[in-house]
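What follows is a pair of complexes built around chain A, which joins chain B in one and chain C in the other.
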Partner chain A sequence: MIQNLKRYGTLMGFGFIVLFFWANLPETFMTARNWLNISQQVSMLAVIAFTMTIVMVMGDFDLSVGSMASLSGITAALLFAHGYPVAVGLLAGLAVGVVGGLFNGFLVSLVGILPFVATLGTLTMYSGIAFLVSDGKTIFGRDIPRDFSGIARSGLEIPALEITVPFLTILALGVLLLVWFLLEHTAFGRRLYAIGGNYEAARLAGVKVRRLRLIAFGLTGLGAALGGLMLASRVASANPTQGSGLMLDAIAAVFLGMTMSREGEPRVLATLVGVLILGLLDNGLTQMNVDSFVREILVGAIILAAVAISSLGKR
Partner chain B sequence: MAFLSLQNVSKSYGAAKALDAVHLAIEPGEVHALMGENGAGKSTLIRILAGVTRPDSMEMMLDGARVRINGPQDAYDLGLRFVHQELNIVAHLSVAENIVLGRAYPRRFGVAVDWKALNRQALGALKRLKITHIDPARKMARLTTGDQMLVKIAALLLDDGAQAARLYVMDEPTATLTGDESQKLFDVIRELTASGASVLYVSHRMNEIMAICDRVTVLRDGRHMATRALSDTGREELIHLMTGRELETAYPPRLSPVQERVHLSCTNLSTAHIADIGFDLRAGEVLGIAGLANTGQSELLLALLGVDKPKSGRITFDGQTKRHNPAAAWRSKIAYIPRERRRDGLMLTRSIIDNITLPHLKKFTRAVGVQSARHERAHAAQLARDVALKSDSLRQPAYQLSGGNQQKVMLARAIGDAPDLLLLDEPTRGVDVGAKYDIYTLIRALSAKGTAVILTSSDLPELTGMCDRILVMRDGKQHAIIDTTGLSPADLLATFYD
Partner chain C sequence: MKLATKLAGLLAGAMLATGLAGAAMAQSKVVVITPYLAQPGTQFYVEGFSAAAQSNGWDLNVIDTAGDVAAVISRLEDAVNQNVDAIVINVDPAQVEAGLEVARDAGIPVVGMDSGTSPYLATNVTSNGYAMAVETSVYVADRIGGTGNVVMFVFDAFPPVQIRGVIADAVFGNYPDIAVLDRVTPDVSDGGIADSRAKMEAILAANPEPGSIAAVWAAWDQPALGALQAIEDAGRDNEGIVIVGIDANPQARDAIAAGGNFEASVAQDFVGIGNKTAEMVARLLAGETVKENVVYVPTMLITAANAAQ
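Now for the complex of A and B:
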C-alpha cells in the first residue's frame, strides 16, 4: 500500500487534479481546445525541463536556464532589430545557448566548481549580459518580424478533428522524443545515469566523466535557448527578464517526475508529467479566477507533498 | 554461567527466513565469535540486538531476568555497545571532539568550550584502553583508519558509569585495519574482557578468530549450527560447519604454467604517491602487492589504470605505451576492481545489469548510437553465471546484494571484455569463505587463459597461496620482488619490516 502510494502517488495526484478541474469547470476544461491551449502554454517550460533532465540525471543542476532563455531571446531580437533575417537570429540565439551551456560545463567539470555555485554565478552573468546588450529595454513591435512571431501562431491543422495542433507543441514533443531517445536508448544516456549513480565508480570504470558532463551542460544550455526563443516568438517581444520564471518551474517539474521512479531518478517521461501538473494547475486555477499568489502557494505545497510521499518509509 | 542469553530468535522477510529459532549465550569476560557465510543471518542477529530490527520472536534474558529490546536506547540501557564496520567519524574535528560527540562539551563560564578539560576527558578514555600514541588534539582525518577505530571504541568507554557496558558487539572491525592496527585492537579487546565485559566478535578471518576468541557460534542459512569452545575446534571443522562442504585446500592450484610473453612492463615508475617501481609481468602470471597499510599498494594499481599520472619512468603493455586515463585502460583490456567497492565501484541504486555492463556499453551499440538492450541483458546474464552470482533478478538494485555478491558483480564487470590485465585491490575483503573460493577459482581460470593478474591483499596466506611472485612495498617504494615458491606467510611478513 505504502509502496504503491510512493510509486504512483504523483500520478494519482495528476489524475486527481484533472478530475478536480473537470468537475469544477465542466464546460471548458476537458475540451480539445483547452488541452491544446495548455500544451502551447507549457511548451517552453517543457523544452527547458526536458533538457534540464539531462544534467539532473547526473545529479547536477543548472540554475542559469532562466537567464539563458532571456539572453537568447534578446540576442535574436537585437539581430532582428538590426535587420538580420529570421534564420540568422534563431541560429545566433541557439549558439548563445550552446556557448553558455558549455561554459557552465567547463566551470563544473573542468574547473570543478559545484553546479549550484557555478550556475548561480552564470545566472547572474547571463542576466547582466542580457541587460547590457539590450540597454535594459524591451524589444517589441516593428523590430520583431512577423515571420518570427508567426512561428508561435502557426500550427498543424487536422481537418478531420477540426483542431490545429500548435507548432510550439509539436516542437516540444520533438524535443521530448529526442531527449527520451538520448537518455534511454544510447550509450551516452546510460553513461549519464552511471555518473548520477556513482561518479567515482563511473570514472574508474572508464567513463569519460568530464567530457560527458561538459556535453550535457551544453545540451541543457541549448534547450534553455530554444525555450527562450519560443517564448520570445509567442509574446512577439524580448526583454532581459522574461525567462527568469522558467528556471524554478523547470527544476520543480523534474523533481515532481523524480518522485515517480523507484530509486528517485529523473526520467524524461516523468518530467513530462511534472510539466503537465504545473501547466494544468496554472490553466485551471486561472479559469477559476484563483489569485496568482494562492496559485504559487498551492504549487509549492504540491511539490513538497509529492516529495514527502515519495520518501515515506525511508530511514 | 551466561549473563546474557537469547532463545528462539526468528525473523522472516516475506517467505525468506533470515533467522530460524537461533540461540546465543554470552558468558562474562569471554570473546565470543559469531561466524557464518554472507547471508547466514549474522547481520540480522546483530541488528536485532542493537534494536534496529524487530524479531518475529525472541526470548532474551539478562542476569536471569527477562528483558526486551524495542529500540536502540533499550540496547544501550542494557549495556550493549556496537562497533560498526563503517567508521562514522567527523573527519575535520579533533580526536577529543569525536570522542565526546553527541554529549555535552565541558565548558568555562557556562559558554566557552573548555578545551583543556575536553582533551583531558578524551585522554582518560584513551588511557583506559592503554592507548598513549594518539594525541586528542589531532584532527581525526590525520589518523590512520586503525587509530580512528580505536578512537571510536574509546568513545564508547567515555560514558560507562551508571549503565556500564556489558557486551561489545564488533562487526568485522579488522576489515579495514592492517596487521599492526589489528594487534592494537586485540590488546584493547583483552583490556575490555579483563575488566569483565564480553565481546561478540564477527569476522571472516579464521586466524583472528583462532587467536582471540574463546567460543564460537556458527550460523548457516539462518539456523544455529553449533556453539563450541575454540580450544577444541579445528579450522576444517569450522569451515565445514559454515559451508556444509569440505574445502580440500584453501587455494586452488594453478591450471597451466605462466606464459613466456611479457605483457606488462614498468620501468623506474614514479607518481605523486609511489616511486621506483620496476617489474615485468608475463601473461597468465599472478603478482601480489604487499606491505604495511598505506604504503602505496592501491596507488600502484591506480597508476597502472592511468588515474595517477607518471612523473617519471614508463609503463608499456605488450611493448607499447598507452594514454594514461581509465577510459584508455579499459579500452585496451585492463580491468580494475577498487578496494572500496561500495564507494568507488558500485552504482548502488542501479541494477545488476547496469553495474556489470558499465565499461562495455560500446559493445551493445548498434546503428546511430542505439543500445541493444537484449544483447546487453544476455551478456550480463552470461557473466553473472560465470561468476556464480546469486540474485533474485538481474534488475535488482546492487544495494540489495550481500557483500560477497556485490563483489561478484564487480568481478563480472571486470571479466566482461576478457581482460589482458586484471587489477584487483583487496578482492576478498568482507567476502565469506565460499565466495572467496569462487573468486580464487575465477582468478585461476583467467590466468590459464593468459590474463595477467595483479592483486593487493592484507591477507598474507592469500598472497602466498595465490600469487607467483609478490612485490613488497615500503613507504611507497618497491622494496623487493619475491618468488612465492616455499614462501610462508611469516616469511612474507618479515619482509615488511627492517
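Now for the complex of A and C:
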C-alpha cells in the first residue's frame, strides 16, 4: 500500500487535479481546445524541463537556463532588427545556447566547479550579456518579422477532428521524443544514469565522465535556447529578462517527475507529468477565478507533498 | 397611508430595477490581466476598476502574472476558453498579440487600461501626454511673466516623453521674450537624477548672473529633482528659479510640498483610468460600438497646495 502510494502518489495527484477541474469546470475544461491551449502554454517550459532532465539525470543542475532562454531570444531579435533573415536569427539563437551550455559543461566537468555554483555564475553572466547587447530594452514591433512571430501562431490543421495542433506543441513533442530516445535507448543515456547512480563507479568502469557531462550541459543549453526562441516568438518580442521565470518551474517539474520513479531518478516522461501539473494548475485556477497568488502557494505545497510521500518509509 | 403606498411603490420599483439590472449584468464575466499588479500605479487602476465592476455587479477576476508577459497570452487564451464577456489588459498589446488574436476570433472585446493602442483593442484608456505638457509649460510661462531663459530637460528617444517636449517647445516658442537656454537630454541609465544634476551644475556655472535662468522645464520628474539639487547646492535657490516636472512621483510631491523651487508637476488619475476603463467595458457589454480607439482621462496639476493629498 505504502509502496504504491510512494510510487504512484504523484500520478494519482495529477489524476485528482484533472478530475477536480473537470468537475468544477464541466463545460470548458475537458475540451480538445482547452487541452491544445494548455499544451501550447506549457510548450516552452516543457522544452526547457525536458532538456534540464538530461543534466539532472547525472545529479547535476543548470540554473542558467532562464537567462540562456532570454539571451537566445535577444540574440535572434537583434539580428532580425539588423535585417537578417529569420533562419539566421534562429540558428544564431540556438548556437548561443550550445556555446553557453558547453561553457557550463566546461566549468562543471573540466574545471570541476559544483554545478550549483558554476551555473549560478553563468546565470548572472548570461543575463548581464542579454542586458548589455540589448541596452536593457525590449525589442518588439516592426523589428520582429511576421515570419518569426507567426511560428507561435501557426499549427497543423487536422480537418477530420476539426482541431489545429499548435506548432509549439508539435515542437515540444518532438523534443520530448528526442530526449526520451536519447536517455532511454542509447548508450549515451544509460551512461548518464550510471554517472547519476555513482559517479566514481561510473568513472572506474571506464565511462568517459568528463566528456559526457560536457555534452549533457551543451544539450541543456541548446534546449534552453530553443525554449527562449519559442517564448520570443510567442510574445513577438524579446527582452533581457523574459525567460527568467522558466528556470525554477523547470526544476520543479523535474522534481515532481522524480517522485514517480522507483529509484527517485529523473525520467523525461515523468518530467512531462510534472510540466502538465504546473500548466494545469495555471489554466484551471484561472478559469475558476482563483487568485494567482494562491496558485504559487499550491504549487509549492504540491511539490513538498509529492516529495514527502515519495520518501515515506525511507528512513 | 398614502406615504406608505408611495414607499412601497418606490421600494418595489427599486427592487425591480436592481433585479432587472442584476439579471442583465450578473452573468457578465470580466477578466483583468496584468503582469504589473505589484506596481503602485497598476494597483490604483485595478482599485478604480474593481469598484466600478462591483457596482455594475460583474463577476470580476483579476489575474496577475508576476511580470511574465508570455503568461498574459496564456491567461488570455484561458479567458477566451472560459467564454468571458470582456477582457481588460494592462500590458503592451504588441507583445500579447497572439492572445489578442484568439480573443478577436472569439468575438470577445478587449479594452486596454493604459496599455497602448492596437487594432486588436476595442479602445485604450490612458492619460493625454500632450495635455500634461501643456499644464506644466503654461504654468512656467505664467509664473515667469512670459519673460526669461528656460532650461529644458527632454528625452526624445522615448515616444511618450518626446511628445511632451514638442508641446513645451511650441508653448515657449509662442512667447517672444522666453528663450530656451538649453535643451538637455540627460543620461538616464542611472535613473536620471544624478546626470541631470551634473548637467544643471554645468549650466549654472555657465550662467552665473542671478536671474539669468528663470525656469527649468523637465519632461518628467527625475531631471527636475536633479536640477533642484544642483540649484540648492549652488546656493541659488533664492533667485526664484521655477522648476516643473511631470508624473508627480512621491519624491517630486515631497519636494513640491516643501515649498522650494520645485513648484509643480502633473499627476495621472490612476483610479480614474480604472473607472473609465470600466465605463468603456460597460458600453461594450451593452452592445455599443466604441469609435474612439483612445480615451483620455484628465490629469491634475500638482502644486504645493495639493501635493500632500
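Points worth noting:
Heads up, the rule we're going with is that the second predicted complex is superposed on the first by the 315 of 315 C-alpha atoms of A that agree within 3 Å, B and C clash if a C-alpha of one lies under 4 Å from a C-alpha of the other, contacts with A are read in each partner's own complex, and residues count from 1 in each chain.
The definition used in the following text is that a residue touches a chain if its C-beta (ideal position, glycine included) is under 8 Å from a C-beta of that chain, and two chains touch if they have at least 3 such contacts.
Computed from a prediction, not measured in an experiment: that's the story for all the values here.
Superposition note: with chain A as the common reference, chain B and chain C can be accommodated side by side.
Judged by the touch definition given at the top, the superposed model places A:149 against chain C, while chain B stays out of reach. Between the C-alpha centres of chain B and chain C, as viewed from that of chain A, the superposed structures give an angle of 140°, to the nearest 10. After overlaying the two complexes on the shared chain, residue contacts for A:41 are found with chain C alone; chain B is out of touch.
In the superposed model, A:294 lies in contact with neither chain B nor chain C.
In the superposed model, A:206 lies in contact with chain B only, and not with chain C. Of the two partner chains placed by superposition, A:110 touches none, neither chain B nor chain C.
When chain A is checked against chain B and against chain C, the one touching more of its residues turns out to be C.
After superposing the two complexes on chain A, the closest approach between C-alpha atoms of chain B and chain C comes to 38 Å. Considering their complex, residues 59, 61, 63-71, 73-75, 77-79, 81-83, 92, 94-98, 101 of chain C touch chain A. Residue ranges on chain A touching chain C, taken from their complex, read 25, 28, 31, 33-34, 37, 40-41, 44, 138, 140-141, 149, 152-153, 231, 234-237, 241-242, 245, 282-283, 286-287, 289, 292-293. For chain B in complex with chain A, the touching residues are 305, 307, 325-331, 336, 338, 343-350, 354, 358-359, 361-362, 364-365, 369-371, 397, 413.
Remark: chain A residues 185-188, 190-191, 193-194, 197-198, 200-208, 263-265 touch chain B in the complex.
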